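One chain, chain A, links the two complexes that follow: it is found with chain B in the first and with chain C in the second.
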Partner chain A sequence: MNAPAPSILNALSPSDIEDVAERRAVLAEIDASCRNTLLLLFGASLTWLLLGTVFALIASWKMHAPEFLADISWLTFGRVRPFHLNAMVFGFSTQAGIGVTLWLMCRLCRTPLLYGWIVDLAGLFWNLGVAVGLVGILAGHSTGLEWLEIPPYATPLLFVSYALIGMWGILTFRFRRERHLYVSQWYLLASLFWFPGIYSAAQILLIMQPVRGTVQAAVNWWFAHNVLGLWFTPIGLASIYYFIPKVIGKPVYNYSLSVLGFWSLALFYNWNGMHHLVGGPMPAWLITVSIVASVMMTIPVVTVGLNHHLTMWGNFKKLKDSPVLRFMVFGGMSYTVTSLHGVLLALRSVSEVTHFTHSTIAHAHQGMYAFFTMVMFGAMYYIIPRLLKVEWPSAHVIRVHFWCAAIGIMFYLVPLTLGGVLQGLAMNNPDVPFLDPHKYSVVTMTLPYLRMRSYSGFLLAIGHTAFAINFIWILARWVKTLRLPQLATPAPSL
Partner chain B sequence: MNYGPLLFLGFFLTVASSWCGLVLLPQIQFGRQQAVKIEETGEIYPQARSGLAEQGRQIYRANGCLYCHTQQVRAQNYGADIARNWGQRRTVSRDYLYDHPVMLGTMRTGPDLTNIGLRQSDTSWHLLHLYNPRITSPGSIMPPFRFLFAKRKAGERPSPDALKFPSGFAPASGYEIVPNAEARTLVQYLLSLKANAPLPETK
Partner chain C sequence: MIILWILFIGSVVVLPGTAILAFGWALRHGEFEHLDKTALSIFDEDEPVGVMTDRFPDSDLHPEPQAMPPASPP
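Right after this comes the complex of A and B.
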């Protein structure tokens, strides 16, 4: 079928199906086909989220209380920290992202998830791989490469299960019933294709046939930045592009802006990685290329930001009623802020101060949490009730989740960003001692900010617990409706 | 933008471009760098590490030291690395030829360690510092690595390897603290960290 003008409404509400009841039936069939798979992926990702939060708290507490849990080798700071990162990145974020991707793909292609049990199997392997990898990190088998710490004996599991899942996403696309492509699909297809590409390139060049010397650092940061830029960011943006128009019932503001935003991201984001090595033992041209690309990121960020903002324009009062919208808009605004902040941090003059400080850690959480995680929360709040045909049991608990997450992450970001800048200024001033318990020194001046970070972590933990409670609660309600099928569905008319 | 194959071509070309630029080009430019003979001293630099130091490197990796310590010295006019005496010159890619994985680090919760072997060459200082950083460096927030040491009942003759504590930090009388193989190799690695050879490209 040839879609007429690139109408975005078209993809959101299929014009080829005139009858509302029939349209509902198609969507219900899709949601039913995704149900078990998505419950598995979301349930497992929430488990990793909680575990990752516990390890985040342990790591954060150790930063200002070094004797805390110090005598257990498995829980030394240098193992707990990569455990936290990998649990969040591969256990929670990737898995939640895959769940949302599959659902969006099915909905936008108007195709049920075919042979869902294969994805279930892949999901089980994925979790097994993450679990083996994380235990390996605690046992001291980390590869020592940031964002790639999972030991080589666990990565084949991850790779095989991802290959299945990615193939499923693309197969769903292949068998689509809706020929018109919506902007979210560009992002999702791209990320499904990019992630295995960068992951296998990094595994080959760093673990199997390692390149020599500092080329490893180049490969490492090419990969690590692309995990954000070519995997999480596209999934996050695809979700915002879908859910904001969906919830407010209005098409995306401008199609050309969507095209420009997508292709400029595809062009520039993957060249950004070397800004993690500013001042490092690398040729200047390599770093400069990445700084230029980082500055160019202004184009996709401003374009997408404008497009989302103008879509929302006039509908901000709906934030009061829709928790999904609240999470989405928080995430979308964070994307703009974090990306523009990232442009600044890439500049040589700024990086000279902030590079080796807690400011960088804050920036990473700004992207991964304030943007991506919040968007994933919002998407799950939308998807799960539709899978189960049960409403969220408690709006109050959702509010607790949102406000703890929103206030918690702000309370994390603001002091730590500021503290990091002060730390960098102190570090670059040779008159300030590096460590002196009685004077203003680089190490001791960071302590108040590190403590504040720990406290913010407790707020985030409360939010995550609230989400978990609501998730278990809605599952329990769903199980109840299954037990009473006669009462839940009206008697068929004969 | 409704034509799948064209989209995929675009996805492929964009990511392939940065792979060529940020991975392949560096590999061509400095991926096959070799050690050189230093004119002033006549020695070949860099040298592969001794077996013990290499084992210690694995302890450094396993315990995630890189999350708080960098191993890179920035140039004279960029930051205060040289003014802080973390190195006499900036580091260059040749300094890392034999490192796998390269652990440049991205965070300086603690000081840079590129030249720690030059700054602090005393084995017993390192052992005490690993056992409890606050003995040698009051105010430090580094975690103690007591799990790399054994606490033993001191026999009639104390072990020659036992740590010698300053007053106030000694274990209960009758006990002594002896470093495990891991602690000893880790210190060998730390002592091996020096990037001070006057390479031609650093002049």
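Right after this comes the complex of A and C.
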């Protein structure tokens, strides 16, 4: 059953694998080649997830109790909030996304992860860069630019690490043994190219040779919007396109639609971002172009949404049995809702109410958590047992994780979206004061919604802790099987 | 203002331009032929169409055929 050792020379002559035994051996070889790298990436991402959650709770609590930890400089809101954001974006989401990307690329290309130790090294440097950056933020060295707060002295570490990891993803594709591309590969390949492009452009224009004045806002929103749409979204959609059909055992409803969805995203998404500056001192045509592009995004969103939901049609009862499916379907439905919601928010008439309100924060969490994070959780539930050949130790803990995450994020989104709209209406009403503790004012009317957000954060924290417990537990089981092979540990029923 | 034009050209011309180049490559390499076959490429003998490949660990409460992943190499 042992497959020949992977080599670049072998991979230079890719060919379709016809033999069943060889195909099985290749799959086992792929999982074995990815194991250490993915355990490092997933383990580190979960560590940042927990740390980011603690800082999210502190930041959220300060929004309705500003005196909380206010006399400790490194725990003031201006440092805690960017710590949370960057820990989640670069510590958790990016690492989890890279792990899932590498595994999917290897599986779909039928190629092992060649020279995985180089990616391991890149992963270690990535985490070092994130740690240095986050400590820098707590020390007060934040750049002050949203989504780019990590100080300049940490970004070279991130850039070099990503360059290695991204190159490895592309090399895996180059040495593929499966000639035709599945739609997930299109999304993954594109994201591997897009991310360094938008990250470099933002670093050059905002940090290295900073542009001045309102143009900073334009570049900043172009980056912040595109990092979500051209980095996290393609990875999330690639995962859904692979895992939902794979788990339920049914091909995607209409493959042609999936191709249309990808190419329309590639053409329209990167025009977005400027619609966040509606009403700002920017050329009107620039904002209008972005609004038009946002509306055009209806095409990929509807095609992807139709495809996901019609693939699931007739299979919803399987949600009861599969944890991966639960997270994936929740993420897929959230993608449809958040994207259509985003189209609405881009319209001038809507943006005049919702901009500068908590509604925007809710929308960002809808995309990053309800869609992307839930999809990453689902992907990890699928991948990790296959890497370790050990079953998840506790179904109960998985259910706790899912329900806390699902209820928690809904409890976050609904009140904050509603509160944000009411806040916007109050801000546009000259009869409502900005701050008056004795009557209805812009600041005081948001307090109940902000408290609800904090309470929802506790639910999310319980869910994340449950996931971390299951992760450590499955690792412990795996280590046990390695140490005591003579005890004939029962084979996992995966 | 020149930066805005660079951003605009980058977003509207360069990125979609590379997408169009990639689209051309895909056309030349027959990526849009046999789409139904491509949709089936994620399935194989061990995890074929019609078989669920993920369950809760206590899923013996709900018996149903389930795929087994390939065994680990020794």
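Note that the second predicted complex is superposed on the first by the 463 of 494 C-alpha atoms of A that agree within 3 Å, B and C clash if a C-alpha of one lies under 4 Å from a C-alpha of the other, contacts with A are read in each partner's own complex, and residues count from 1 in each chain.
Basically, a contact is a pair of C-beta atoms (placed from the backbone, for glycine too) under 8 Å apart; a residue touches a chain by one contact, two chains touch by 3 or more.
A quick note: this is a predicted structure, and the numbers were derived from the prediction, not measured.
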item: Joint occupancy of chain A by chain B and chain C, clash or fit; value: clash
item: Partner, of chain C and chain B, that touches more residues belonging to chain A; value: B
item: Chain B versus chain C as contact partner of A:L158, first or second or both or neither; value: neither
item: Touching partner for A:I383 - first (chain B), second (chain C), both, neither; value: neither
item: Partner chain(s) touched by A:L51 [first = chain B, second = chain C, both, neither]; value: neither
item: Touched partner set for A:V443, first chain B, second chain C, both or neither; value: first
item: Chain B versus chain C as contact partner of A:V215, first or second or both or neither; value: both
item: Touching partner for A:M297 - first (chain B), second (chain C), both, neither; value: neither
item: Touching partner for A:L286 - first (chain B), second (chain C), both, neither; value: both
item: Contacts of A:A70 with chain B and chain C, given as first, second, both or neither; value: first
item: Which superposed partner A:T360 touches (first chain B, second chain C, both, neither); value: first
item: Segment of chain B that clashes with chain C, given the candidates 4-12, 94-102 or 166-174; value: 4-12
item: Chain B and chain C contact sites that coincide on chain A, given as residue numbers; value: 3, 180-181, 190, 193-194, 197, 201, 205, 211, 215, 218-219, 222, 259, 263, 266-267, 270-271, 283, 286, 289
item: List of chain A residues in touch with chain B within their complex; value: 3, 6, 62-64, 66-67, 70-73, 76-79, 81-82, 140-146, 173-174, 179-181, 186, 189-190, 193-194, 197-198, 201, 205-206, 210-220, 222, 226, 230, 259, 263, 266-267, 270-271, 273-274, 276-277, 279-283, 286, 289-290, 348, 352, 355-358, 360-361, 427-430, 434-438, 441-444, 446-447
item: Chain A residues within the chain C interface of the complex; value: 1-3, 20, 23-25, 27-29, 32, 108, 178, 180-183, 190, 193-194, 197, 201, 205, 211, 215, 218-219, 222, 242, 245-252, 255-256, 259, 263, 266-267, 270-271, 283, 286, 289, 318, 320-325, 381-382, 386, 389, 391-396, 398-399, 491, 493-494
item: Complex contacts: residues of chain B adjacent to chain A; value: 1-2, 4, 7-8, 10-12, 14-15, 17-19, 21-23, 25-27, 29-33, 61-68, 70, 72, 74-75, 78-80, 83-84, 90-111, 133, 137-148
item: Partner chain A, residues of chain C touching it in the complex; value: 3-4, 7-8, 10-12, 15-16, 18-19, 22-23, 26, 30-32, 34-60, 62, 64, 66-74
